[in-house]
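Presented below are the structures under discussion, each in the form of structure tokens.
Two complexes are shown next, each including chain A; its partner changes from chain B in the first to chain C in the second.
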Partner chain A sequence: MNLETWFLVIYFIAMVGIGVWTLKIGNKDSEGYLLGGRSLGPAVTALRLQSSSMSGYMFLGAGSLAYTKGYFSLWYAMGDIGGGVLNLSILGRRMRKLSQILGSLTSIEYLEHRYPSPWIRAIAAPVAVFCIFFYVMSQFIAGGRGLEMVTGIPYAWALLIAVGVIVFYTFLGGYLAVAYTDFVQAIIMLIGMVWILIGTMQAVGGWTAGNNAVGEINPNLLTMWGPDGFGSVQWGVIIGAVLVFSIGYMGWPHVNVSHMAMKRPSVARTASMYATGFNLLFIPAPYIVGIMALILLPNLDNPELAVFQVADTVLPNFAVGIVMAGIMAAIMSTADALLLQSGTIASQDLFQRFIKKDMSDSQSVWVSRFTVLILAIIGYIVAVNDPPAVAEVVIFSTTVLGAAFVPVYVAAAWWKKANVPGAISSMVLGTVSSVVWQLTGLVDVTGVDPMGIGIVCSTLALILVSLATQKSHPVPAHVVAALKETDKIGAIPAHMLTGQNDALAAQVPKDA
Partner chain B sequence: MFGLPAATVAIIFGIPAIWVIYTLVFVYLSRGWKAEDVAEDKLTAGGSGPTTSAPGHRSEPENGGMA
Partner chain C sequence: MREQPGPGADRREEPSDQTTGAAQPAGVTEPALRLTPHITDAEALAVFARKLPGAQAEVRQVIHPFWRTVLSARTRGIFGRSRKKSLSSGAAGAGAGSGPGVGQRMNVLVNAYSGKGFIADFEPIGTPVDAAVWDAALEASDQAGPRPSLFEVSRTARSLVPTKVLKTVKLGMGITLDEAAPPRGILKPNWIVTGANEKFAATILVDGLDSSHYIVRVEKLEQD
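On to the complex of A and B.
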């Protein structure tokens, strides 16, 4: 076994160890399994949020984009750097407080409590599970491919090992395991990526020398307008690129659940500084490395492997092992969050809500665990037999998630007039418009990104339909009261707290 | 600078700078959120549970308009 493989083995054992540890320290009820008992501080919240947002795309897609498009690719990084602080500042404190007042344990359940109708969950849960399942599958594939490249193990076995480790610790420790492993993985990702960047800069003789060399290949690669120059720039794609990774995060259920698991609403404030600091150090690095790969590896067959290959070229063997662990960390930290979220939605938001309403906490946790297992098995079978392209699946699923859910999550916390018909029409129109825009090839015809179209459609639908139906479908008084309480700074009054009950769509405060 | 066109330098340093400023402004405007922790700490110490308002506690309006 080579040195790189040893580093990966140690890393895998450490992740499994965290899973076992959180099984011992975590609460055994639903809130403990699904939200870590709402006990997480700012550092874990911020790094968990960032690492679960940044998938294997950062090591595969970002490098590839930079290798083919030059500095134009940094438009994605420009939005991405602000994604964390935007999410925490707009949703963080309010979503944490409102979810506790309304007694919500999952980010989809939260939507149904805020917009009280079973249709909300009946629409949101399948859309979220569908997108998340494809997203998690893409991470499995990336994990299998990465492991195959480093260790030489055949793809099917490498995939099985990657999936097995992720499922094991998610299965055991639930949200707490995912949060703590994500925290550790974020640090490993950062170390790995900064190490590659430093090694790359040394190899090309510094940033200025590297840029001069890239400019000799094609001067347009140094501009923000793409390899064909300013005349060919597609502003719609640039706007979409910035949107997907800045405001897009606010529509991802597996990311938003971080807000609900914070120890206190004020955690969002400190977490925002950690998030911005992490992003400034981490996000631009893979793009810069991808651009410099044009000099170091000018004849690369597969641009997706640019970051991998540069690491292999410029770093000593032991460092390559750490970097590979960082790459696996990026993949696994997203995959575990997605897997847990899809398991949660299937068990809590579909099974318990619509099939067996009187499930105990313990039963609910076990249904969630088995859902994780079943989804992982299905994902493995699809990924091993007919693996689709990673980048395409990621962009498709995250675009639909963003278009469907950003307006309903933002309005849930901020707009007291947002009601059930508005939310339903927003989710439906956001999903349909972004899917149709992608599948019919309108992106190429119009040069407009599906995320932009989807967000515009879902936002307009939410505003117009909510305003038009205020009299026929007013926002319930207890929801308005909860929103007013969320506006204030202070502890939640006891009479405002809502426990879990069987009539989730119509739940009211405990003493009402 | 750095062998890059001026527009590229302006964008790749300017936009991150805007996010840093946004973060600092957010942290400044949300400085009053500490009051929420103090209120909960008092309640926890008093044995009333972490999320129950103390008698006479008055919630303050949210600071700033960012969050």
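On to the complex of A and C.
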């Protein structure tokens, strides 16, 4: 077994260990399994949010984009850097407070409580679980391929090991396991990526020397306009890229659930500082490494392997092992969050809500666990056949998630007039418009990204329909009261909390 | 304002001054104090309406007996010297602080039935009542079994205060606890709200101080 494989084995054991540990420390009820008992501090919240937002794309796709487009790729980096901070700043504190007042355990349930209608969940849950499933499948494939590349074991077995480890700790520890493993994984990702960046800069003789060498290949690569210069800029694509990676995060249920699991609403402020620090250190690195790969490895067959090949060239063997663990960490941290979220939606938001309403807490946790298992098995069966065009489907799925959910999540916390018809029309129109835009080929004709169209349509629908139906469908009084309380800074008053105070049982009078 | 069990809550082996009778035990000199509710009846009804939307409900005030003890907590430095600077008063209550050597005053309320206590983040304000009112309150509870003795009340209070103080000072510091005032009966106000909508009938107890609630009973109504 080579050194890289040893690092991966140690990494896998550590992840499984965290899963077992969280099983011991976590609560066994639904709130414990699904939200970690709302107990997470700022560092875990921020790094969990960032690592689950950034999939293996950061090690594979980002390097590839930079290798082929030069500094144009930093448009994507800009969106990414701002995304986590925007999400925490706009939604963090408010979503945490409102979800507790409304007694919501999942990010889809939160939407139904804010917009009280079963149709909200009936529409949101299938859209979310469908999109998330494709996303998680792609992470399985990336995990399997990564493991195959390092260890040399056949893809089917590599995939089984990668999926097995993820399912094991997600199944056992639920949200707490996912959060703590994501936290550790974010640190591993950061160490791995910064190490590659330093090694790369040393190898090319510093940033200035590197840029000079890249400029000799093609001066346009040093500009933000792409290899073909300013005249060929597709502004629609740039706007779409910035949108997908900045505000798009606010529509991803598996990312937003981290707001609901914070220890206190005020955690959001500190978490956004951690997220900013992490993003500034981590995100530009793979893009810069990808650009510098043009000098170090000018004839690369597969640009997706740019970061890994550069690491292999500039770092010692043991460091390559840490980098590989970083790549696996990026993939697994997204996959586990997606898997838990799709399991949660399927069990809580579909099964419990519409099929078996009287489930106990413990039954609910077990249904979530088995849903995770079943989805993982289906994901494995599909992924082991390595279906074509997965990358395109993934980008499309995340685009649909953003278009369908960004306006409803933002308005849920900020706009007291957002009502049920507005939310339904926003989700439907956001989904349909982005799907139609993509399938009819309008993206190529107009150069406008489906995310941009989807967001515009869903936002307009939410505003116009909500205003038009204020009289027929007013926002319920308890929701307005909850929103007013959410406006305030400070602890939630006891009378706004959904749960009861069991200590009062000892104060019940005889004649009650 | 969640009550926390003290170590003496379930052990009632010291019968010396056990408050099994209705009268106030020895050592209690001041008359019981009936607290003024912080929550109005309208707010209690609003809590009920939130649990059972569209319900018609009625509300009445009830009282529950507690023992109040006041402890002064003073920390000691590593060489046994008292800290000159008084502890932060925000964490544990009004009446805190004051000069060097006095320490932080903490009001602890211990349930006169269950023996569980909590640190009150307010100075109890209310009106003194006759012994008969205190006796009636003791009889009104549906809690069975022996009541905690004053010794147990004191032990519960003394175990609660350090946990609160240790959150605000460095670990490893010693804590000296002094009784700053003798035990006194406190009648804590609560609201009983009963009502029904077209589907359910329910009774809930709303805390008169912080408006948290406890569902006493809920029944599903037969649909015609």
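The rule is simple: the second predicted complex is superposed on the first by the 493 of 512 C-alpha atoms of A that agree within 3 Å, B and C clash if a C-alpha of one lies under 4 Å from a C-alpha of the other, contacts with A are read in each partner's own complex, and residues count from 1 in each chain.
Here is the rule we use: a contact is a pair of C-beta atoms (placed from the backbone, for glycine too) under 8 Å apart; a residue touches a chain by one contact, two chains touch by 3 or more.
Here the structure is a predicted model, which means the values were calculated and not measured.
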Would you sort A:Leu222 into first (chain B), second (chain C), both or neither based on which partner it touches?
-> first
Which superposed partner A:Arg369 touches (first chain B, second chain C, both, neither) | neither
Based on the superposed arrangement, let me know which partner A:Pro493 touches: chain B (first), chain C (second), both, or neither?
-> both
Is A:Arg93 in contact with chain B, with chain C, with both, or with neither (first, second, both, neither)?
-> first
A:His478 contacts which: chain B (first), chain C (second), both, neither?
-> second
First, second, both or neither for A:Arg48, with chain B first and chain C second = neither
Classify the contacts of A:Ser272 with the two partner chains as first (chain B alone), second (chain C alone), both, or neither.
-> first
Touch count on chain A, higher of chain B and chain C | B
Which partner does A:Gly82 reach: the first (chain B), the second (chain C), both, or neither?
-> first
Using the superposition described at the top, list the residues of chain A that contact chain B and also contact chain C.
-> 493-494, 497
Chain C residues touching chain A - in the complex, by the definition given at the top | 1-3, 39, 43, 46-47, 50, 53, 62, 64, 111, 113-114, 116, 118, 140-143, 188, 190, 192, 203, 205-207, 210-216
Complex contact set, residues of chain B against chain A | 2-5, 7-8, 11-12, 15-16, 18-20, 22-23, 26-27, 30-37, 39-40, 43, 49-54, 57-63, 66-67
Within the complex, chain C is touched by chain A residues 478, 493-495, 497, 500-512
Of all residues in chain A, those that touch chain B in their complex | 71, 74, 78, 81-82, 85-86, 88-90, 92-94, 100, 207-212, 215, 222-224, 264-266, 268-269, 272-273, 276, 279-280, 284, 485, 487-494, 497
